[in-house]
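Worksheet: the structure to be examined is printed underneath.
A, B, C and D label the chains in the order they appear, each numbered from 1.
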Amino acid sequence: MLTAAPIATRQILQIQDLTVSFDGFKALNGLNFSLDEGELRVVIGPNGAGKTTLLDVLTGKVRPTKGCVLFKGKDLTKLKEHQISVLGIGRKFQTPRIYQNLNPRENLELSLNPHKEVFPTLFGRRDLRDKVDALLETIHLVHKDRIPAGLLSHGEKQWLEIGMVIAQDPDLLLLDECVAGMTDKETEATGELIQSLAKNHTILVIEHDMVFVRQIARKVTVLHQGALLCEGSFEEVKNDPRVIEVYLGSHKRG
Amino acid sequence: MKVLHSPHTPDGITTPAQGLDLSPRNKLLLEAGVLMGVLLLLIFVFPAVLSGFRLNLLGRFLALSIVALGIDLIWGYTGMLSLGQGVFFALGGYALGMHLSLQLPDGRIPEFFSLYGVTELPWFWRPFYSFSFTAIAIFLIPALVASALGYLVVRNRIRGVYFSILTQATTIIFFNFFNGQQRLINGTNGLTSFTTLFDLNINSAEMRFAIYVATILFVALAYVLCRYLTSGLFGRILVAIRDDEPRVRFSGYDPTGFKVLVFAVAAGLAGIAGALFTLQTGIISPNAMSVPFSIEMVIWVAVGGRSSLIGAVIGAVLVNFAKSLLSESFPEIWLFFQGGLFLLVVMVLPDGLVGWVRTQGRQLWIIFQLWRRRLAKTSLA
Amino acid sequence: MTLLFDSLFNGISIGTVLLMAALGLAIVFGLMGVINMAHGELMMLGAYTTFVVQNVFRQWGDPWRDFYIFPALVAAFGVAALVGLILERAVIRFLYGRPLETLLATWGVSLILQQFVRSVNWVLALRLGVFGLLFFGGWWLLAKRVDWPRIKGWVLTLLLVLSTAIGTVGGRLLAQTYALAVTQPWFGAQNRDVTAPRWLRGGIPVGQLFLPNTRLFIISLTLVCILGLYIFLQHTRWGLRIRAVTQNRAMSACVGIPTQTVDALTFAIGSGLAGVAGVAVSLLGSVGPNTGQNYIVDTFMVVVVGGVGKLLGSIVAALGIGIANFLIGSGTLALIFPGVPILTDTLNFFATTSMAKVMVFALIVVFLQFRPRGLFPEKGRTVDA
Amino acid sequence: MAHSLNRRQLIKMGALAGAGVALGPQLWVKHSLPAYAQGETIRVGILHSLSGTMAISETSVVDAERLAIKEINAAGGVLGKQIEAIVEDGASDWPTFAEKATKLIDSDKVATVFGCWTSASRKAVLPVFESRQHMLWYPVQYEGQECSKNIFYTGAAPNQQIEPSVEWLLKNKGKEFFLVGSDYVFPRTANTIIKAQLEALGGTVVGEDYLPLGNTEVTPIISKIRAALPKGGIIYNSLNGDSNVAFFTQLQGAGLGPDRYPSMSVSIAEEEVQAIGPEFLEGHYAAWNYFMTVDTPANKKFVEAFRAEYGQNRVTNDPMEAAYIMVYLWKQAVEKAGTVEIDAVRQAAYGQTFDAPEGLVTMNSNHHLTKYVRIGQVRSDGLFEVISATDAVDPLPWNQFVAETKGYACDWSDPTKGGRYQV
């Protein structure tokens, strides 16, 4: 993994004029966006703003109709999901997606495995136990490491998935509403975890929970109707009249 | 090593697997021991107990259980339901069948060619004079065909029922081809009338017993291979692909390679099964590539329990014995029972016999624990 | 020009039969995601219904005997829909969301149905009737008791054994008393004969061509079915409900659509269409226990090539496959490319009906390389969760 | 405790138990009976497809065999013992045929086996019978080129059906032939023979096509026929089962009637005519050794007995008659040999004659029957008008029109000659 970059302003991710349309509906519409290395960025926006679609493009799940996405100088739009993952982008999904029939230990091993081709996986010898133990410690699942992950509580699943993403050792972490369904206490602990991860990862967080956003945010980007609305610190964004219009306006109508 | 907290059910009752509390190493030893025991039983006890006819049936069904192991590997563990395993089975059978048909004095070609006025051996028959080539081909030809097909299909992310339907269409392609090519491969009649292998009469009692033992050894080998593939990290990735394939991609794995590899292995196993089956029935024909046969294969695994390898073997042997006995007792209406069996298993025993035994065992274990606890309480009182 | 028109007509003839058979499947598989391997057997039931209706009308003599086909269509739809309904209620509804299990269970059903038409006679019918009456009647009566949930398991077991026993004994008695009259199978394992009415035999000559009436009839029948289906789905209240449930089951249930009824209805309609297809098939080929088996894989291919959930896709795919089948199987393709020897030789190699099927299926696999989701795929973020 | 057995499971277990209760006694009785009755009866095996694609044809052959056994038993049995038939289902699957044949011989210890229809099933069981020196009686017309010591063939050899019918066509109907057949060995071999024969006798083959078994889409074939024979000609048809129905209905639908396109079928008998519908076949031809309309006292008796047993609407056909004959021939051979021992019965079978429904037939030492060849034309009632009949024709298992087997014959009564020797 690349550790902290020598120049703090080097851009790890650049997005230009990104458009995604489904049968004429534009989920993203000419989006321009960039991320500095080592940054922790929160993206907010009302429903349908294109937040999840943005992550889908970044992970290769959706091919853009137009535009380009550069990650560490490489164009992501031509790559497949697993290639992007190996390149160093890890994604935590909105609803936890873990392997229900594997236990947390196995879930983590699967993500930790450094050689992800078929034959190295089959024949390679590796000892991942120490790393797994350390990760289990981090995500507070040491005592539940041998039961099927499907039996974990919702919060524990969220944690496990965060653990799996960390295990991939990505340069860019994408976290999609990772505190949804958590108790206040769990949310706070998650916030702390993200803060500590931010020390040596670039992180992009999508969030609805404003209390949580306030806890972790350094810089906030607001999306609206598939395009960038504004960017700035949490306080700046909160007081921006356009943001208020978008959020409250829709609130009034609803 | 770190002390592991054993998981508890809400009532504080340990489940039997933990109740036995074996280390993984001891578990493996236990399994190997049981496997050896079953092998010895099959080789030394069954021949003494069963009539020659039933023993021959058992040998055939054990050969079929090798296909079932392959299906369990791709369906039970990886979630790819192939309805085309009959094709690979038949390819293996044909490979050996061609070798057996060529056990002739020099210069003569198999007799059926004369029916169609063919006087020269078609070119692709020639390599099958060699036993070593045949032995490799039995595994490799089906595996290569499966890799090619699997790659074409899996690469495009065709999965689930679409995969099943495409593999089913494959059976039709191959069936029609083999069925139509009388002049090359004897069409509908298939290859039959085998007499010798290694210059030994394959119908002699000794040779039949040798084939029976060989079949058992191949079942054991196939079991060990599948066990190796399904345990460890590789096996977990297979399960992960079954449960959530897109997620596996985001974990950085390309499922295509994994799926193609297990599909090829399953096909190779089917090929071996086909060869052993052909050796014991004395015929291989395009019928083995018919749609119903491939579906039946899946049913064996479903009956036995698709989440366990043992289940596949048990399922293949039991279902086939049931079919034999039922069709002997009720030749006119046994299809009712076969159809009913399919329905019953899917509706009532979704995890198959092995799954059923497991849940029943767990329930009994819980009842036992409750009873023990009550006993402890009363004695305290 | 004649060649082109001839190929087109013959291709469409083959295609419409496929389409007719695939239409029900397009609904059941396309809209509900249910793999019904017994679809072919539902067609077979439709064909047998045609046979029965024809025999009844034949007894009434002229003018009636020439018009049995219309009541047969209605009856075949009814019988197949009824069996489909029972199938959905008894088996498939427990398996929604598990397509592979459905596939295996319905395969079992198809075996049972095949054997049923082979073996059914008065004794078997009586045994089934007595069994059904006693078992379900008893269930219905006893279910009113207050302590029903407690005794259910044992009572049902008892009922099962008792009603089986009574049915069997009753059957035996009947067989001994009336012998051949009741033990003779209704249909038997042999194929049965459905004869097209006189006005459907022969054909219309067009230039050098000859358009058989049965083919024209099937083509128009297909058109009527497609049109009816379209109107039903797009312009009726139940059609709207079916579409709603297809798109979002949970939301449909929330707004008060009886999803279970919709499922049953959808499946019944799909099955009924299979019955109608059975009538069409009985005009062309045989009526026998294996009638359905011949169509099942082909029809699945039609739906897959067309794109699941799209009626238009199935239509185009069926006609395309039909035309390809004809062009390759009749050797017409070899005539079109006379200049290239290798190509001609290859095409001639495949120019038998048997090998044409090989070629067409291989082409389908190739086609799916370029369009893995069929001709008219669904788009959007929800497709591949 | 939440973990008690839930009710659904109880029902399921109940259902299983119920099925067990219902079936158990039957299974037990079926299996225990033969052992008890062993001394009193002679067991024979009947091995045909009762399910799968071939059930259409084979079930009625089983009916005929059962009728013959019932008649023999009613007349006092054979060697003073009753015949007990053990029926097995080959399920249209060739390995299953081999399995069931093994079972009949090894487990049930039957005296002989009556069975098979397709060549594939016969080829599949052949090694079983040869390795155990046992005997199969085979009732269907077939492609020849086989003469096993362990099979008696009571259907027609090619020279008793195909070859005379081609000669008759050449003489009466024309010289241009289009060959249509199902895609399996009998039609393919039959057509090989026909081509060789036509070449020798001055006819021409203008085209040939094969349909997969069970396929009913015949449009391409009909186009080909129209293209190859624009002015009419002979269709030589060896389609099997289902495909015939599609073929003839669509042949008529396309306007190719028997006046310009007469067809000769070798796999269509009375039952198939019923299934296809006489109105589609009226005027077409078929070649067999036996038709239901054959006018002999033996046939009258056979038809009456059959209808009394199985229903007045049933018909009889050639394979059924051959099946009926072979049971009687076996019985006669057993009585002559005085034992059911295989080799003695075989020796005794040579030269046996039987007043069959088709006429007096004789078993030859080449294991085939001397039979009569008849050409029938379909009438409006679905039966055949016999329009041409030959004297008894001796069977030639090795075909004399095929280069490889020209000049070969078969004689099992002479150990020096055996299955294939040069004349």
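Following the convention adopted for this analysis, contacts are C-beta pairs under 8 Å (C-beta built on N, C-alpha and C of every residue); 3 or more make two chains touch, one makes a residue touch a chain.
Keep in mind that what you see is a predicted model, and the values were worked out from it rather than measured.
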**Complete:** Sorted by contact pairs, first entry is C-D
**Message:** From the centre of chain D, which other chain's Cα mean sits the farthest off?
**Reply:** A
**Centre distance in Å when chain A and chain B are each reduced to the mean of their C-alpha atoms** = 42
**Item:** Centroid distance [mean C-alpha coordinates] between chain D and chain B, Å
**Value:** 36
**Whole-Å separation of chain centres (CA-atom averages), chain B against chain C** = 32
**Request:** Quick one: report the Å distance separating chain A from chain D, using the average Cα coordinate of each chain.
**Result:** 72
**Asked** Of all residues in chain D, which are in touch with two or more distinct other chains?
**Response** 15, 50-51, 183, 210, 212
**Request:** Enumerate the residues of chain B that touch no fewer than two other chains.
**Result:** 176, 179-180, 246, 332, 335
**Request:** Specify, in ascending order, the residues of chain A that touch 2 or more different other chains.
**Result:** 61
**Fill in**
Residue positions on chain B within touch of chain C in the complex are 81, 149, 152-153, 156-158, 160-162, 164-166, 168-170, 172-173, 176-177, 179-180, 246, 291, 295, 298-299, 302, 332-333, 335-336, 338-343, 345-347, 350
**Message:** Under the stated contact criterion, what part of chain D meets chain C in this complex?
**Reply:** 7, 10-11, 13-15, 17-18, 21-22, 50-53, 55-56, 59-60, 183, 209-212, 214-221, 223-224, 241-246, 249-250, 252-255, 271-272, 274-277, 279-280, 309-311
**Message:** If we count contacts the way the header does, which residues on chain A are in touch with chain B in the complex?
**Reply:** 59-61, 80-83, 85-86, 90-91, 93, 97-102, 106, 109-111, 113, 116-118, 121-122, 126, 133, 142-147, 164, 168
**Item:** In the complex, chain C residues that touch chain D
**Value:** 6, 10, 13-14, 17, 114-115, 118, 149, 152-154, 156-157, 160-161, 164-165, 168, 180, 184, 188-196, 201-203, 205, 210, 212-215, 281, 283-291, 293-294, 325-326, 329-332, 352-354, 356-357
**Prompt:** Which part of chain C faces chain B closely enough to touch in the complex?
**Reply:** 35, 37, 91, 94-95, 99-101, 103-105, 107-112, 114-116, 119, 293, 296-297, 300-301, 304, 352, 354-355, 357-358, 361-362, 364-365, 368-369, 372, 384-385
